[in-house]
Amino acid sequence: MISVGVVGATGYAGGELLRLLLRHPRVEIATITSRGHAGAALTDWFPNLRGETDLRFSEPQVENLADCDLAFFATPNGTAMQMVPQLLAAGTRVIDLGADFRIKDVKVWSQWYGLEHACPELVEEAVYGLPEVNRQAIRAARLVANPGCYPTAVQLGFLPLVEQGLVDLDHLVADAKSGASGAGRQPKQNTMLTEVAESFRAYGASGHRHLPEIQQGLARAAGRPVELTFVPHLIPIIRGIHATLYGRLLDSEVDLQALYEKRFRDEAFVDVMPPGSHPETRTVRGINVCRIAVHRPDPGRVVVLVVEDNLVKGAAGQAVQNMNLMFGLNERVGLADIAVIP
Amino acid sequence: MISVGVVGATGYAGGELLRLLLRHPRVEIATITSRGHAGAALTDWFPNLRGETDLRFSEPQVENLADCDLAFFATPNGTAMQMVPQLLAAGTRVIDLGADFRIKDVKVWSQWYGLEHACPELVEEAVYGLPEVNRQAIRAARLVANPGCYPTAVQLGFLPLVEQGLVDLDHLVADAKSGASGAGRQPKQNTMLTEVAESFRAYGASGHRHLPEIQQGLARAAGRPVELTFVPHLIPIIRGIHATLYGRLLDSEVDLQALYEKRFRDEAFVDVMPPGSHPETRTVRGINVCRIAVHRPDPGRVVVLVVEDNLVKGAAGQAVQNMNLMFGLNERVGLADIAVIP
Amino acid sequence: MISVGVVGATGYAGGELLRLLLRHPRVEIATITSRGHAGAALTDWFPNLRGETDLRFSEPQVENLADCDLAFFATPNGTAMQMVPQLLAAGTRVIDLGADFRIKDVKVWSQWYGLEHACPELVEEAVYGLPEVNRQAIRAARLVANPGCYPTAVQLGFLPLVEQGLVDLDHLVADAKSGASGAGRQPKQNTMLTEVAESFRAYGASGHRHLPEIQQGLARAAGRPVELTFVPHLIPIIRGIHATLYGRLLDSEVDLQALYEKRFRDEAFVDVMPPGSHPETRTVRGINVCRIAVHRPDPGRVVVLVVEDNLVKGAAGQAVQNMNLMFGLNERVGLADIAVIP
Amino acid sequence: MISVGVVGATGYAGGELLRLLLRHPRVEIATITSRGHAGAALTDWFPNLRGETDLRFSEPQVENLADCDLAFFATPNGTAMQMVPQLLAAGTRVIDLGADFRIKDVKVWSQWYGLEHACPELVEEAVYGLPEVNRQAIRAARLVANPGCYPTAVQLGFLPLVEQGLVDLDHLVADAKSGASGAGRQPKQNTMLTEVAESFRAYGASGHRHLPEIQQGLARAAGRPVELTFVPHLIPIIRGIHATLYGRLLDSEVDLQALYEKRFRDEAFVDVMPPGSHPETRTVRGINVCRIAVHRPDPGRVVVLVVEDNLVKGAAGQAVQNMNLMFGLNERVGLADIAVIP
């Protein structure tokens, strides 16, 4: 059994992680923490877990976590980096669901996140936890930077094209849409049902934190920098990301369907749909699957449609996938749910 | 008073038109028709109109409509073209909310709509009813082709750039999203709440009927053909279109905000929002306004955000605006509602 | 022109009031106030009002309001009672959309609202602003206590039965459901879209503040106390109240449909629907109408279905209706909108 | 392994049943049928099952089903009774998710369902499949009538009171609300998102088919007839039933919380919540749990709040629970999912 701790378990990513871990046959949840809610029952925050657990929050302290084999951080950006050095020193491996270790260029990270980094030396060591790219490195990692929700969808959708040099890397467009859980559980006026239901809007059209993360990943796949326009939007639903990706094809002869099917043939959690498909976010609600469809509206252009659950393949599910890799388990263990439709 | 008839008034565009016309101070509704529902009360189909009217549907017959000054067609594509020649001959002017007269190239029209055109000679005469482009011609028109919902939003958003030659016309992208009322009132499995709520998806990624209409309008503005990738999506809300437009700037010095403000300065129904804005579809719900915000995420690229109500500025409201022009009224008459928030 | 001030205009009732007042032909908005947001533009809080007004908030001060003919309070409970005595002394009439003056028994009020009353002597003078009951008194009132949202729906639905002594007054049941705007605009976890969408729940099943208000009104109509079980529920929509009322009929011969039609025959804002109807909240969205249908599932029992918009007939619209009465206008002025469907 | 067939698997109850059966460790799905869609892949109708199964529909024929140990009918009312006699004769046991065998009084059944019964002799044999009442009989049954969605919630909520004679059986009220999946998958205007979203309404206020089923069950528990007013409502969500039950207490001293906890202490799928709770439908989305909270707003009255997923504990999940009983398995097998929140 893997003994795990979850730091920051009152938020959506943390709660989703616990839903998955409670059913994971190889995991023992040793401790869950929440600054400010120590003593409260997990089920007070997640009533769906009634009858499943009597876990209570404790204060996030290195001592408690250091006994675990693995600590997950589902905390606001800037929190994990304060505790990770001590945990690694104590032999506890770490998966950070936040952004602290995602961007290799610490200066860029500081610009976008408005913080000075507490342990820049660990940023280099951290493995970017996208298994479809970094599987081998993840297996051996002490510290995994779990990807952001948008970056997971956008990278998976562009990767086959970018890796093969099939699109103009100076003019990529990612029009992305997310359900409201992507904004977190902290109440704000712009997350109230009364303000966002029956409406639709973009945000961050002039710049969003996930842009450098996406560009870093695509640049690594391409072997050169890429230029991407990325605009996120808020869908008035709870969960789900839909990314619509646009590119100019450099090779108008390539069989795009075959390219995608081959690239993801051995991937348990990427579903390349049949030609002409339009994936729906509801088909991945609550599960660790990313579905992709590729279209060519005219010979010179490609449109890729990608869906995922922002809290599962975009956060907690991918974290469990990474844990499975890190501890030598089959990648699918604990991730076999079927989405509920309707 | 303008005596009007509305053909096809059981659908959403027709019902919305009647809501507006019932409050229009210069309009007298002479007849409303519905094939198959003659005799039924309008309020059976639109319970919001209870207490406002006792209109009943009659069969759509040229004789009844020929007494009107103006006939609106809110009918399935292919219906209006069967009756319009006789009505024009009888001196009744026509606004078609359908697509029969929108595409000047009748061959292209037939390809996309799968019908042979019944009166190609009238296609040339028809005026495309986008007042922000064709105001003078609309005033004099006998026959107005009211624009499609997506084409209204996408054209208004791109026009300032395209008219001034500021963007690369070979690589335009329009990622558009619409509420479910855009799919009409005919029940289908994919318009059921149980199938579309709490989900998001694209449709028509390989081609959509509104593409040639948009390209025709932008080409006219540009004086040359344009290449556009257009992907529509379904938002699980009732009303509202959000178009996110992407272009490569040819002139990185231009003041985009000033360009848009100047272009639409005298337009009653186009609201250019302050720099940095993200318009919300709810702010135009039920009203004839198109709101636009322009962003430049980096020097070489432009992102334009456009919202409208697909049934108002995208259909019935624009039809009333066109009627006002055709009959010498102030364009704003009957179109002064304020959107309801929250 | 009536010169009005609106106190507390950043909330939903206040914003809705301003939407209505901006179109009211006999009103001049002299001042709007918001503690803590003085200087901000009204349109920052209500983007639907862009282009309609350049009003800005000022601090709520008696001096400014004392110049108005009428002050509306759309403030948290306990605020109006601090300023009303001075305003009345200055000759400014008042409509309080909050609960400060609704309950005649000040002790009962204090128990439910947890406050000591600042001006109990004015509670007696205040006229309960339900025009269908108190029309004459409202015309002459200096101070009107605008009814709560649930109390408006439940009283209107029960009144014909209670006034005529047709139901067992010891066993009334009101099962009421409200959209989320009834919870106000203050962000809390339980008003987030992510927490309330795609779900349904009751609240206050053991007791709710609107119970004594309803019982007071029904008791006055009955001439004796009534016993009511009242359970409110949260519908995951923005606006709308649906009250389902249950009673035991004492007279199994009465023609319920005729009773309701006669009771509300002269009421502009109460629509008694045809037998067998099931009113929908969407038909009253944004308008000042209450629709009622009466059913008799078996000879001894009655079920009354009532819908209203909680922010209009349940708050701001009724306040305008009361203003019209107080200032000798036709009750319908400024309240002629048609609901938007779909 | 239990070999099962599912008749009518294109609808919501059938699809949900297959989602559960595909993960059930003791079940082998031998055949799925759909009149009119033979040959189609199950995943065309339920895209959430992509990658889980390659089942295709066959025509519903007794021969195929007669090889199964168990046949589930998830068909329109009136279908199962045509095939059940032959299947039972062939030794295949049956669970009917429809209403054909629920009402013991065949005349009453015919009145409400508008059909003549094809095998009234089997109605008497059929066991009503509410395990919390009929567990022993279900174990031995050849034919189980799976309860309706509303009847499951209303009966479970009233049972402790009715069994103990604690409420006035002549004046029960059940105000019930259901998500739109309760209306089935056949497209109709009143199930379109555009018609039901952002709205709320009752239906069947003068009488609903589930009333006699509920009354039959409660009468059996009480040992005498009961009088119930039952009004269903449509919530604009996909799944979930909330029943709010009202009763007059005959004994004002009884400890209601203890009563409910004791009654359901050994029930795996009934969760009696702590005092003061308000259960949310989202907490049972996709799972076979019924949560109940009991309130006493004043000494003489009781309010019971009940939630379930209409497609799980109200249909397919309860059917699996019944299957487990019929085949000697632990009742919980295959029913251990956790609801997804948010």
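As written, the chain order gives the labels A, B, C and D, with residue 1 at the start of each chain.
What we mean here is this: contacts are C-beta pairs under 8 Å (C-beta built on N, C-alpha and C of every residue); 3 or more make two chains touch, one makes a residue touch a chain.
In this text, all values refer to a predicted model and were calculated from it rather than measured experimentally.
**Student:** Quickly list, by label, the chains bordering both subunit C and subunit D.
**Tutor:** A, B
**Student:** In terms of CA centroid distance, which chain is the most far removed from subunit B?
**Tutor:** Result for max centroid distance from subunit B is chain D.
**Student:** Pick out whichever of the two, B-C or B-D, is joined by more C-beta pairs in contact.
**Tutor:** By the number of C-beta pairs in contact, the winner is B-C.
**Student:** Averaging only over C-alpha atoms, locate the centres of subunit B and subunit D and give their separation in whole Å.
**Tutor:** Centre separation, subunit B to subunit D: 46 Å.
**Student:** Whole-Å distance, subunit B centre to subunit C centre, using C-alpha means?
**Tutor:** Inter-chain centre distance comes to 37 Å.
**Student:** For subunit A, what residues touch not just one other chain but two or more?
**Tutor:** Where subunit A meets two or more other chains at a single residue, that happens at 12, 179, 181, 185, 194, 197-198, 236-239, 280, 282, 285, 342.
**Student:** Sort out for me which residues of subunit A touch subunit D in the complex.
**Tutor:** By the definition above, subunit A touches subunit D via 12, 15-16, 19, 22-23, 46-52, 181, 185, 197-198, 238-239, 271, 273, 280, 282-283, 285-286, 289, 291, 336-342.
**Student:** Give the list of subunit D residues in touch with subunit B in this complex.
**Tutor:** It comes out as residues 12, 179-181, 185, 187-189, 191-194, 196-198, 236-238.
**Student:** Taking the touch rule as given, give the residues of subunit A at its contact with subunit B in the complex, in rising order.
**Tutor:** 171, 173, 175, 177, 179, 194-195, 197-203, 205-207, 227, 229-231, 233, 235-240, 242, 244, 246, 248, 276, 278-282, 285, 293, 295-298, 301, 303, 305, 307, 342
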